[in-house]
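Note that chain A is present in both complexes that follow, paired respectively with chain B and with chain C.
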Partner chain A sequence: MNPFPRLLVICTLVLGAVLGACEGAVIPAVGQLEGVVLQTPAAKAVFTLTDTGGRPYDFSLETKGRLTFLYFGYTNCPDICPVHLAQLAEVFGQLPEVRRNSTVVFVTVDPERDTPEVIRSFLDAFSSDFVGLSGSPEEIEAAQRAAGVPPAVKEGGGEKYTIGHAGQVLVYAPDGLGYSVYPFGTRQSDWIHDLPILLERVES
Partner chain B sequence: MNISWWCTALSEPWSWTFRAYPGVWLVVAALAGGYAVAVRSNRDVEGLSLRETGFFIAGLLVFWVASDWPLGTLGAGYLASAHMVQYVLYVLVAAPLLWLGTPEWLARRVLASTGVYRAGRSLRRFPLLMGAIFNVTLILSHTPIAVDTLRPTQFGSFAMDALWLLSGLALWAPIVGSITEFTQRSYPARMLYLFFTTGVVTILPASFLTFASLPLYRTYELAPRVFGLTAINDQQIAGLIMKLSAVPIIWPVLAGMMYRWATSERASA
Partner chain C sequence: MRRITIWAFVTSVAVACTASAGIQVSNAVIAEPAGANTALYFEIENTRNEPDRLIGARTEVATAEVHRSFSEGGQMHMEHVASVEVGGGEVVVFEPGGLHVMLFDVDRLQPDQVVVVLLEFEIAGDVEVEAAVKPYAAIVP
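Right, the complex of A and B next:
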């Protein structure tokens, strides 16, 4: 019997085992994440809105291959929106590699009050790199549905109304999949633990 | 108007809108009222100097400023640095002033009624115990679990403030306490006590705060940012306040003691 096929099989198995071990070492399992791990990774939301410069912004296309943070909020938000954005900006200060390869996208759920100028000025307080998006109420609702979060609801009347909205930051790895979400209360230590892991999740 | 019993962590953005804390006013009024009643009822027996009254009022005012809006609000839920300013005011300013303003007969009466006097008398190494109480309180009350558990509730926040003031009174009892049996007699012993109790253990939590790469307290990390300070910068400032607060407060006291010691030595020579 020709020993060559058997040798080839053995070599293939050994190589497979080595590569498998290497992959495991380089990319830790998403189960180790500190965020709320999704049972099934979510595909990146597909929608197009308008950025603060007035240009159309195809979310899926513009953020392709990047670690992407998607957050639905509004600039008059009294509590969680500014804290989430401040946390991200502060974490990026400690993770320059992550910052270089990330895009933070803030979608307003209050297009009535959040003009492009208002959004830009709000985001600039955290980072001028953060992307701000707006659109018609229908477009924004569609974007929320595409991202799998419940549409925001206006609460109260008058000028000082508030808006009930999804409080979690959706994070998509460079491979285009969302493995975990980050609710309000996520500590900087959690972000710093998870982001390098997610950044390694590149499209094969 | 926003009213609550005691300052506590809030989720809304910081604003300069006044908040009322009747609990703080009640405690200040109770301390002032109790002092006035005690002094009035003992006027015939023993006198009270204007200096003592002044010290007590100053101590009470410092306690009030540290506990009430705006510093109390900022310290309870927005800024670790404000929390540390509160701590310094309670422990290093209000506590010694309150001691200096309390005449011996009043201190004896208060301590006897609470059983503290008997416990203190039975202890041979009273200053060591006071130093230990101060430092254990310092360490424990600045652990993340203590801050993040106590600050979000009014009662917890009140308990933390009360604990700080009491630990401050314990710290200063051997130095400026009114009860002679509990005070250190010699100036060198006083100076050593003050230097070691306030200058050694403090370095540990202060260094943690100053050099940590991440925010330690959930309460301040997840609070709306104030004055453009990042959570980590705020924490570093808190650490520096803890570490450096001894410089303008403890060192002048040590210098004063040194001067008095030298004067008394010269006089006795």
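Right, the complex of A and C next:
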């Protein structure tokens, strides 16, 4: 990779962090978050996939100005994926202001088994507002790279294969920046603490 | 009336805790399925002095396998485990993000429904467990 674009990225991120620190004087500091705080805020991932209604979904455009949750998972996953989604649905029930201004986006990493109907039915068990996305394996891999998570890997054979995938929920504040991520093990009380703080981070 | 009360008490104790040949299984819950599969969680206590092993599970509502979720290389993975040792006098907890019994192609289950599962141990043999169906959000606070 040519070092100059990388340098440019670093400068931009540093500048962003400095500006972020200035803003911190007037709005709640993100350092008080219960989530895993990123050293440098992450820009919102840019990718387009297809939603469960068959329409193209430009992630950064569709979620602009929203408190945005991005999770890569698969519906056959019994132990990690549903826990995150169930917790968010439960927490939204307690924070109506957060719910009104949030968009939860679930991207399948198992397009082979997760048809749009399967994804929709899985998400509806938690909330019919949750957005489900799929695409070709290449598009889904590109989306994971854009979001800065290692692409999912199919493990084991036969019909009962499993998939190793990023276990954390990525969250972007309404200003379009990701300040923290939420690994498996995040408690509902952590979400309840952090989401009102992140909702305050709007573009000035 | 009194007989009903006693019966209810006996039943509730049975749901909370199942003991067989030194193996006690408690807090058994099945997550209300959102997709084709779901998971069963519980705690196993081995009250004897020698180790025993969980080697499998059976239920009428699904195909059951002992699985383990684990974190490696920045990702969450899941694998089938052939057996889980429970040392003498030890407790092993099956919980979200760790050991669990994976239930494949599970029937439609309703919250608070009670499902009978047989846990197969090497020494204790089949231990019958009654697991209550709960929403994920009630299992992971």
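In this section, the second predicted complex is superposed on the first by the 178 of 204 C-alpha atoms of A that agree within 3 Å, B and C clash if a C-alpha of one lies under 4 Å from a C-alpha of the other, contacts with A are read in each partner's own complex, and residues count from 1 in each chain.
One rule holds in what follows: contacts are C-beta pairs under 8 Å (C-beta built on N, C-alpha and C of every residue); 3 or more make two chains touch, one makes a residue touch a chain.
No experiment lies behind these values; they were computed from the predicted model shown.
Peer 1: After aligning the two structures on chain A, examine chain B and chain C and state clash or fit.
Peer 2: Result for chain B and chain C: clash.
Peer 1: In the superposed model, does chain B or chain C contact more residues of chain A?
Peer 2: C
Peer 1: Please indicate which partner A:Ile192 is in contact with in the superposed arrangement: first for chain B, second for chain C, both, or neither.
Peer 2: It touches chain B, and chain C stays clear.
Peer 1: So, A:Ala166: does it touch chain B (first), chain C (second), both, or neither?
Peer 2: second
Peer 1: Report for A:Val153: first if it touches chain B alone, second if chain C alone, otherwise both or neither.
Peer 2: second
Peer 1: Which holds for A:Gln94: it touches chain B only (first), chain C only (second), both, or neither?
Peer 2: first
Peer 1: If you stack the two complexes on chain A, which partner ends up touching A:Asp58: first (chain B), second (chain C), both, or neither?
Peer 2: It touches nothing on chain B or chain C.
Peer 1: Using the superposition on chain A described above, determine whether A:Glu203 touches chain B (first), chain C (second), both, or neither.
Peer 2: A:Glu203 sits against neither chain B nor chain C.
Peer 1: In the overlaid three-chain picture, which partner chain does A:Phe122 touch, first (chain B) or second (chain C), both, or neither?
Peer 2: Touch status of A:Phe122: second partner only.
Peer 1: Between chain B and chain C, whom does A:Ala86 touch in the aligned arrangement: first, second, both, or neither?
Peer 2: After superposing on A, A:Ala86 lies in contact with both chain B and chain C.
Peer 1: May I ask you to decide whether A:Thr75 touches chain B, chain C, both, or neither, giving the answer as first, second, both or neither?
Peer 2: Touch status of A:Thr75: second partner only.
Peer 1: Can you tell me which of the listed chain B stretches (9-17, 99-107, 117-125 or 189-197) runs into chain C once everything is aligned on A?
Peer 2: That would be 9-17, the one stretch with clashes.
Peer 1: Could you give the residue numbers on chain A that contact chain B in one complex and chain C in the other?
Peer 2: After superposing on chain A, chain A residues 78-79, 82-83, 86-87, 90, 184-185, 187-189 contact both chain B and chain C.
Peer 1: Which residues of chain A touch chain B once you look at their complex with the stated criterion?
Peer 2: Its residues touching chain B are 78-79, 82-83, 86-87, 90, 93-94, 184-185, 187-189, 192.
Peer 1: Of all residues in chain B, which touch chain A in the complex?
Peer 2: 11-13, 213-215, 218, 221-225, 230-232
Peer 1: Using the touch definition from the top, list the residues of chain A that touch chain C in their complex.
Peer 2: 75-80, 82-83, 85-87, 89-90, 118, 121-122, 125-126, 149-150, 152-153, 155-156, 160, 162, 164-167, 184-185, 187-189
Peer 1: Touching chain A in the complex: which residues of chain C?
Peer 2: Answer in residue numbers: 31-39, 67, 69, 71-80, 96-97, 100, 102-104, 135-137, 139-141.
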